[in-house]
């Protein structure tokens, strides 16, 4: 049933970044609630739930892609939080972003680093240890 | 010295995909030998040699980014070979590419899958076990 | 004559979004007045004036493309206004943007939705009925 | 149930381009059968089945986006066929592509036109009337 | 008059690359003759005819942009020919392309170099001295 | 030695835009000091120091590419300053940006123009003559 995908997606998203998930759902609920539902069902209910890769490996892939694409800063910040939540260190995030200078150029890597810097400051302020 | 970066880059590239490295150098040697040198020095001598991330994690990041960007099929194929050479399974490659449907759309994931299919066929033909 | 293209473009732009057109011309008049002129002449004087497609169909195409490209939020907002002005409903705009999750990924669709949300709020505030 | 989304997606895809759907499934069945399934379920089972927009309007949006992105020629060709199958004329396709010169530049529009030219030739050869 | 822009564009295009211009017009004449006309009028009749920058500077800008975008190889090749025709040396072309590794990543620069290599070979075969 | 590349890069960056260079280094020093170092070494120590092209020609290439890519506004502003510092006039910058309407579409050119407008205002405020 559809609701299984949603429930599974919501559980998976909570493992990665429950607060961000709630904010996204909340921000879409008046304008595009079906997109909110799809965002839980397909990425998290279908894809992140597949196993094979660890959540850490999946977040490395996502941080790499969003840094390289360079036009999705809000989502990049969500996934830097997510990567840290599932076991990446800050230094590992920085390494992924440096590597994107090779594949998408220095501006992509610099803008990705500024996203990381903002996320690290948010977490310091919230008293999070990593 | 510059030559240390080149030597270190070449060693690192050999760990990932020595044949592809030779082909790239060879293909550039008349037209742009300095770009060939930079391609060894910066990506492999500087970045992939940094540690912190495993080569497997670095190749997951690269396959993700090149699938998402969608305009670098030759380099994507080189790094699918590279990912397999440093310990990814074929199924892990396929998972990274499926995940890019979420961040860059289904055409990016479909075209990345076709690149993977070609690489797998090349390796089957060469008798490589993964 | 050039001026025919400009006059025709200006008339067409007024059908779509006269206020936005004036703001764009105004914002460019000191820095790049010729770009302002070209922006009237080619897109609106030449292209949108061609017929064959209705203005509603043309705005669907534009909202789709700008959502997918993801690096032109100001222009996307102008064309969401334009689409509503030429007969799209808000729900139709949302549908076009949801569909872009398929072709350009969820971040593109989410960021497009936030642009739409801002436009809808501007129109609510201005007392516009759609 | 999942299978409802798949069945609904398959029906919808058959309305748009049944042959292309079969070719995509066939080409993925050994390498990434789950991506094949997702390609039916999410784009066609979820999105194209939503109503609100006509299939003609949805195909206008897709041809616009894929022309603008410029890195998905195989999928652009599938959707030019699809657009013609659901009621667009050839001239309407050409108009959408011309319009993309405004939003993504002339190279995108020129390459989109070449994709259309190939599709039109395939259909002429197959004796299709539009 | 429109025809002035076309005539001026055609003259300008002949300075840059007359053969390529004829091929583009020829290839579009059945499918999208108006796009062919716009391709002469706006880029060449309006933009390249403006002065302020030399044609060599304009071609440096175009080769840079098309290498960076990475999804317009046919147009990149036309403009590498054009750059050489208006006074760039082969080495200058190679320098512009190397520089794009910084802004758009190594794959963009490598693929741009392969386009240049093909153009240089075409010119060698045609007995052109630069 | 590595330090030669850094020293050479820093000298070259000072020719182009010393203040911007200091700000970038400063902004990265806690989060990613190695990326700061690479940003001096590879782009400026290796590439901009190569000769063959004048710094003015190199900045024309960079302003073109960053305008076309459209997702690197901070870096575009740095390089508009840089272009003016190495001998471009404001009108030449505007010409490069207008030309990008042809290759990357009008939104890219409009957003590039707004970046230029901000840079020109900063320089007027600072009493710079060009």
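Each chain gets a letter, A, B, C, D, E and F, in the order it is written, and its residues are counted from 1.
By our rule, a residue touches a chain if its C-beta (ideal position, glycine included) is under 8 Å from a C-beta of that chain, and two chains touch if they have at least 3 such contacts.
Heads up on the chains, UniProt names are A, B, C, D, E, F = Carboxymuconolactone decarboxylase family protein.
Small disclaimer: the values here were computed from a predicted structure and weren't measured.
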Sorted by label, the chains bordering both chain D and chain E are A, B, C, F
Touching both chain A and chain F we find B, C, D, E
Contact distance in steps, from chain C to chain F:
1
Do chain A and chain B face each other with the same patch, meaning over half of the contact numbers show up on both, or with different patches?
same
If chain D and chain F share one sequence, what is the angle of the rotation that overlays their CA atoms, in steps of 5 degrees?
180
If every chain is reduced to the average of its C-alpha atoms, which one ends up farthest from chain C?
B
Between D-F, A-B or A-F, which repeats the contact pattern of D-E in over half of its pairs?
A-F
Averaging only over C-alpha atoms, locate the centres of chain B and chain D and give their separation in whole Å.
30
Let me have the rounded angstrom distance from the C-alpha centre of chain B over to the C-alpha centre of chain C, please.
40
Centre-to-centre distance between chain D and chain A (centres being mean Cα positions), rounded to whole Å:
29
Residues within chain E bordering two or more other chains:
34, 38, 42-43, 50, 66, 68-72, 75, 98, 100-108
Can you check the complex and tell me which residues of chain F touch chain E?
42-43, 47-48, 50, 52-53, 57-58, 60-69, 72, 75, 91-92, 95-96, 98-104
Would you tell me which residues of chain F are touching chain B in their complex?
1-2, 5, 34, 38, 42, 46, 50
Residue numbers on chain D that touch chain E, as the complex places them:
69-71, 94, 97-98, 101, 105-111, 113-114, 116-117, 120
Show me the residue ranges of chain B that touch chain C in the complex, using the header's touch definition.
68, 100-108
How about chain C: which of its residues touch chain F in the complex?
24, 27-28, 30-32, 34-35, 38-39, 42-43, 66, 69-72, 74-75
